[in-house]
Amino acid sequence: MFDETAAGVYVIAVTPFLPDGSVDMDSTDRMVDFYLDAGATGLTVLGIMGEAPKLTGAESAAFVKRIVARVAGRVPVIVGVSAPGFAQMEGLTKSVMESGAAGVMVAPPNHLRTDDQIVGYYHQAVDFIGDAPMVVQDFPLVTGVQMSVPVIARIVRDLPTCVCLKHEDWPGLEKISTLRKPGVLDRRISILCGNGGVFLPEEMARGADGAMTGFAYPEMMVSVVKHHASDPERGRDLFDAYLPLARFEQQPGLGLAIRKHVLAKRGVIAHATQRRPGAALSPAGVAEVEALMARLTRRLAELG
Amino acid sequence: MFDETAAGVYVIAVTPFLPDGSVDMDSTDRMVDFYLDAGATGLTVLGIMGEAPKLTGAESAAFVKRIVARVAGRVPVIVGVSAPGFAQMEGLTKSVMESGAAGVMVAPPNHLRTDDQIVGYYHQAVDFIGDAPMVVQDFPLVTGVQMSVPVIARIVRDLPTCVCLKHEDWPGLEKISTLRKPGVLDRRISILCGNGGVFLPEEMARGADGAMTGFAYPEMMVSVVKHHASDPERGRDLFDAYLPLARFEQQPGLGLAIRKHVLAKRGVIAHATQRRPGAALSPAGVAEVEALMARLTRRLAELG
Amino acid sequence: MFDETAAGVYVIAVTPFLPDGSVDMDSTDRMVDFYLDAGATGLTVLGIMGEAPKLTGAESAAFVKRIVARVAGRVPVIVGVSAPGFAQMEGLTKSVMESGAAGVMVAPPNHLRTDDQIVGYYHQAVDFIGDAPMVVQDFPLVTGVQMSVPVIARIVRDLPTCVCLKHEDWPGLEKISTLRKPGVLDRRISILCGNGGVFLPEEMARGADGAMTGFAYPEMMVSVVKHHASDPERGRDLFDAYLPLARFEQQPGLGLAIRKHVLAKRGVIAHATQRRPGAALSPAGVAEVEALMARLTRRLAELG
Amino acid sequence: MFDETAAGVYVIAVTPFLPDGSVDMDSTDRMVDFYLDAGATGLTVLGIMGEAPKLTGAESAAFVKRIVARVAGRVPVIVGVSAPGFAQMEGLTKSVMESGAAGVMVAPPNHLRTDDQIVGYYHQAVDFIGDAPMVVQDFPLVTGVQMSVPVIARIVRDLPTCVCLKHEDWPGLEKISTLRKPGVLDRRISILCGNGGVFLPEEMARGADGAMTGFAYPEMMVSVVKHHASDPERGRDLFDAYLPLARFEQQPGLGLAIRKHVLAKRGVIAHATQRRPGAALSPAGVAEVEALMARLTRRLAELG
């Protein structure tokens, strides 16, 4: 169900909360439907940019169960299981795979530096997560860990359960091209790109299979991926229309507040509430987001 | 000539090289004219993102002299004097101020952490650079140093020569708003924004005085600043047209190669040559840049 | 039971494991007795240098219960509750305080930089841990966060539950002197020092109240603290005897393997086993440790 | 004169200043004599922990000339040429090699992360420094760059001018053992150890050729190296006597103030002056250092 053929758009789901801070299960259901209606080919939950660490173990487990139940087998659900220790990673993986998740995602911890340290870490991680299909998250801006092509090649060679790279190195286009060169990897894996989608047209052209990120308009990403082969200029026209907002959502830290505000404004989730600590949008920030949404609507109308 | 009223667009100039690696003085002249014709209200040279450390002291001095001579008093020239030690900073400052520079820019070194350390560093720097008007560069993504509003307020209060903040925190819009709140700073300074201009419309709305960055189409920044008061929607239409390329140029490390390629393509500099170490554009990267330039031309034609 | 008068030696306890990786409760009991017999005035468990993240939540809770039961009220037990999110920190705090812990210890997460961010973090943490007496851990080498004296002063002023600073800045002697100057803090808190005890004589002379660290010979730290007022030269003679081994144990990462090896060799814990990931001692490393132990025995005999 | 057979003690020289901040050439001469009388087999100047960046280019050149003249061919002189750009590194290398230096030392810049980036950096550096014998400085605590054994092996294999590793990884004993295993490096290079000498007995036993560090009592390092083969227990007795002071001098940042204070107290240099920015010793710090010096004298007398 989730393997090296993964393609399309895996939306990184937010975690909706009620104003009192409890997980909002009704919004969770609505969000699942919204993402799938928009054309998502998969969902990814409890990502490191999300609010996973703000949930207790019990809450995480219940949230994943609810997501999986609502998805009802229509698309694969991937769960972020990065944790400060392997005991927690093992426990969470076991729990979510039993709940019906299709795979797990692991980001490297901040203290890793040398190539050997990074490869060694994934070896150990796989000892704990077992045979669950694994996404390796390559996100230096947030993790502080730079994974070179030789490192990724060693992980792919050594660990058969690594089926997908969540690519969000920046700059990262040459890395995609290199990974796609014959002989660089000893088998093909899926490459799904992050960074809020702001490089998606170029990433597709370089050989990516799609996106795995959480931009609040997943239809943009679905369009770019869909038009990539048939009508890339049309895909780019749409991409350009969304870019002013995508760029705005791409602000580190603040991005989640923007994303939740847009999703709430679009009626997907009931509240933009974040658990603490969370960067809040000021009134000026809200006005900026809503002005960008209005400009987007106008531009889409022009494009037809 | 350069003080706290600085406004408009201070273009961060590249350092043009001949294919043999020597400084290209003819291109330097042409570049100065190009920036000024585009509406630049100032120039900034030898920035940390540029190739300043690749020049010898003698080359730096000769380059600044040539720039100042060509500018011929039309706009102020600011020179980046960040250096690993104060002896070098003092020597460079003295040399460029005698050559006719209007001010200097200082970025905090990577090892500073606490508020007191940062403020203390600028106190010491000013002991060495003397009464030259100073731009404080706030660029955490590259320097690794986060300057809070209280830190900036202390620098402004303690050091009268600090007349301008080169703002490129990310996210940074709330910081501009806070700095502009009455009472936060004990005197108004100029705020000129970086980050390749990709947040310029919002930055102007938050109270910035303009841009200090090196996007290869300075006319975009000039337009956004010019239309900010009179016709901001027109300014945004133009901004949006340039954004796909501005976003592409904003890739860390690779950005300079893109910028020099565009400037060479536009006939401003003779060669896109960088001194080593420098990230080069692959053929695929060149194609991406040129496709974006072509789309920009079409979009500008549509906008009229 | 644990407040701003805390003094003496709070030993940072290791977490003993059986060869199969399960928590070794018998060794845990023996270790508690050993530390208390050596003169410990408190115990600290689940520290960031220990193996806390390698335990599941259930294991952590059971381990703390066992420790508290064995201590049986003889000394206070402090528990490290640093966690990637406040939900986990809150849950663990509640659990261990109900089990009879006397306080909790919180280290700042790696991403904090500015003074305001650090102070803000502790404000939020206290909202979650409630009225549990709190130790602030100042350990820049491991956390990457530098806490200046003004930051500590603000935390002490704002948060009455902060009763103790675990001081392991390096260099850090001037910081102790400054914190002890009249007027710098608006109330006196306990300062207990870390760094494996390798600066303990100087730290006591600067105004520290004792040690909170895990050197495998707690009797050294007890002696230095005890002799500090009465016969400091005798204290230093003993300190110097232990220093070659203390210096060796102070190697980052490897230190825990050395510490566990010594404790096993001394009969305190049954096995030096660590859970993965853990740096292991090579045969050469074992020989080095044991040679240092033998030299220590000889030197102590000389000193009488 | 300086090649892969380098052994013994290469003392890292301080840069002596007069109270007015100018370089103190008389103290420089006296310091050279002192180090050579103590048994130094080489000198290293302008290291990254020293005050190299506080000198102008002209001052650096004059200082190296003076050192080389005073040494008068008795031992090799190595010069640190790490610089933010290759143009400066090239210029300084050329200048000091012409002055009679025997080799240069290069530390990796802070932004390097992956194995390929580090190896690539040294390839480029050698393109600029030419055929000067090169010391690679492996000092993660200060540079932030972790050089694994495979990285060092690639540098040694690719770059014949790399004749020596200045080893100050921490922990680093296993690294020495691994580098000395047959087949790990394709040729033997010199390994000289740093970290203020605080691990020197163990480093010698693991296969190091000596020390390259600046502890203010070079005679300790000379003794440990000398006794290593013939009477290691005697070497350790002496080492242990100096360790309380060596540990104290090993404090990051503050260490240079301690080192200069001791050298001034010993009559080697006229003043402990540092150029700014420099951490100064407080009166309490001075008292601590002098108490440690007095205890050292007593202990050496006991040892005979």
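The chains carry the letters A, B, C and D, assigned in the order they are written, with residues numbered from 1 in each.
Criterion: contacts are C-beta pairs under 8 Å (C-beta built on N, C-alpha and C of every residue); 3 or more make two chains touch, one makes a residue touch a chain.
Bear in mind the structure is a predicted one, so any value in this text is a computation, not a measurement.
Trainee: In terms of residue numbering, is the interface formed by chain A and chain D classified as same (over half shared) or different (under half shared)?
Mentor: Here the answer is same, because the shared fraction of interface numbers exceeds one half.
Trainee: Measuring between Cα centroids, which chain is at the maximum distance from chain D?
Mentor: A
Trainee: On a C-alpha centroid basis, what's the spacing between chain B and chain D, in Å?
Mentor: Here the centre of chain D sits 39 Å away from the centre of chain B.
Trainee: Can you compute the centre-to-centre distance for chain A and chain D, using the mean CA position of each chain? Integer Å is fine.
Mentor: Once rounded, the distance between the two centres reads 47 Å.
Trainee: Report the inter-chain centroid distance for chain C and chain D in whole angstrom, where each centroid is the mean of the CA atoms.
Mentor: The mean C-alpha positions of chain C and chain D differ by 33 Å.
Trainee: Out of chain D, which residues touch more than one other chain, so two or more?
Mentor: none
Trainee: Within their complex, state which residues of chain A touch chain B.
Mentor: Listed in rising order, the residues of chain A that touch chain B are 170-171, 173-174, 177, 198-199, 202, 205-206, 236, 239-240, 243-244, 247-248, 251-254, 279, 282, 284-285, 288, 295, 299.
Trainee: Please name which positions on chain D make contact with chain A in the complex.
Mentor: 113-117, 140, 145-148, 150-151
Trainee: Within their complex, state which residues of chain A touch chain C.
Mentor: By the definition above, chain A touches chain C via 51-57, 59, 83-88, 91, 110, 120-121, 124, 127, 275-277.
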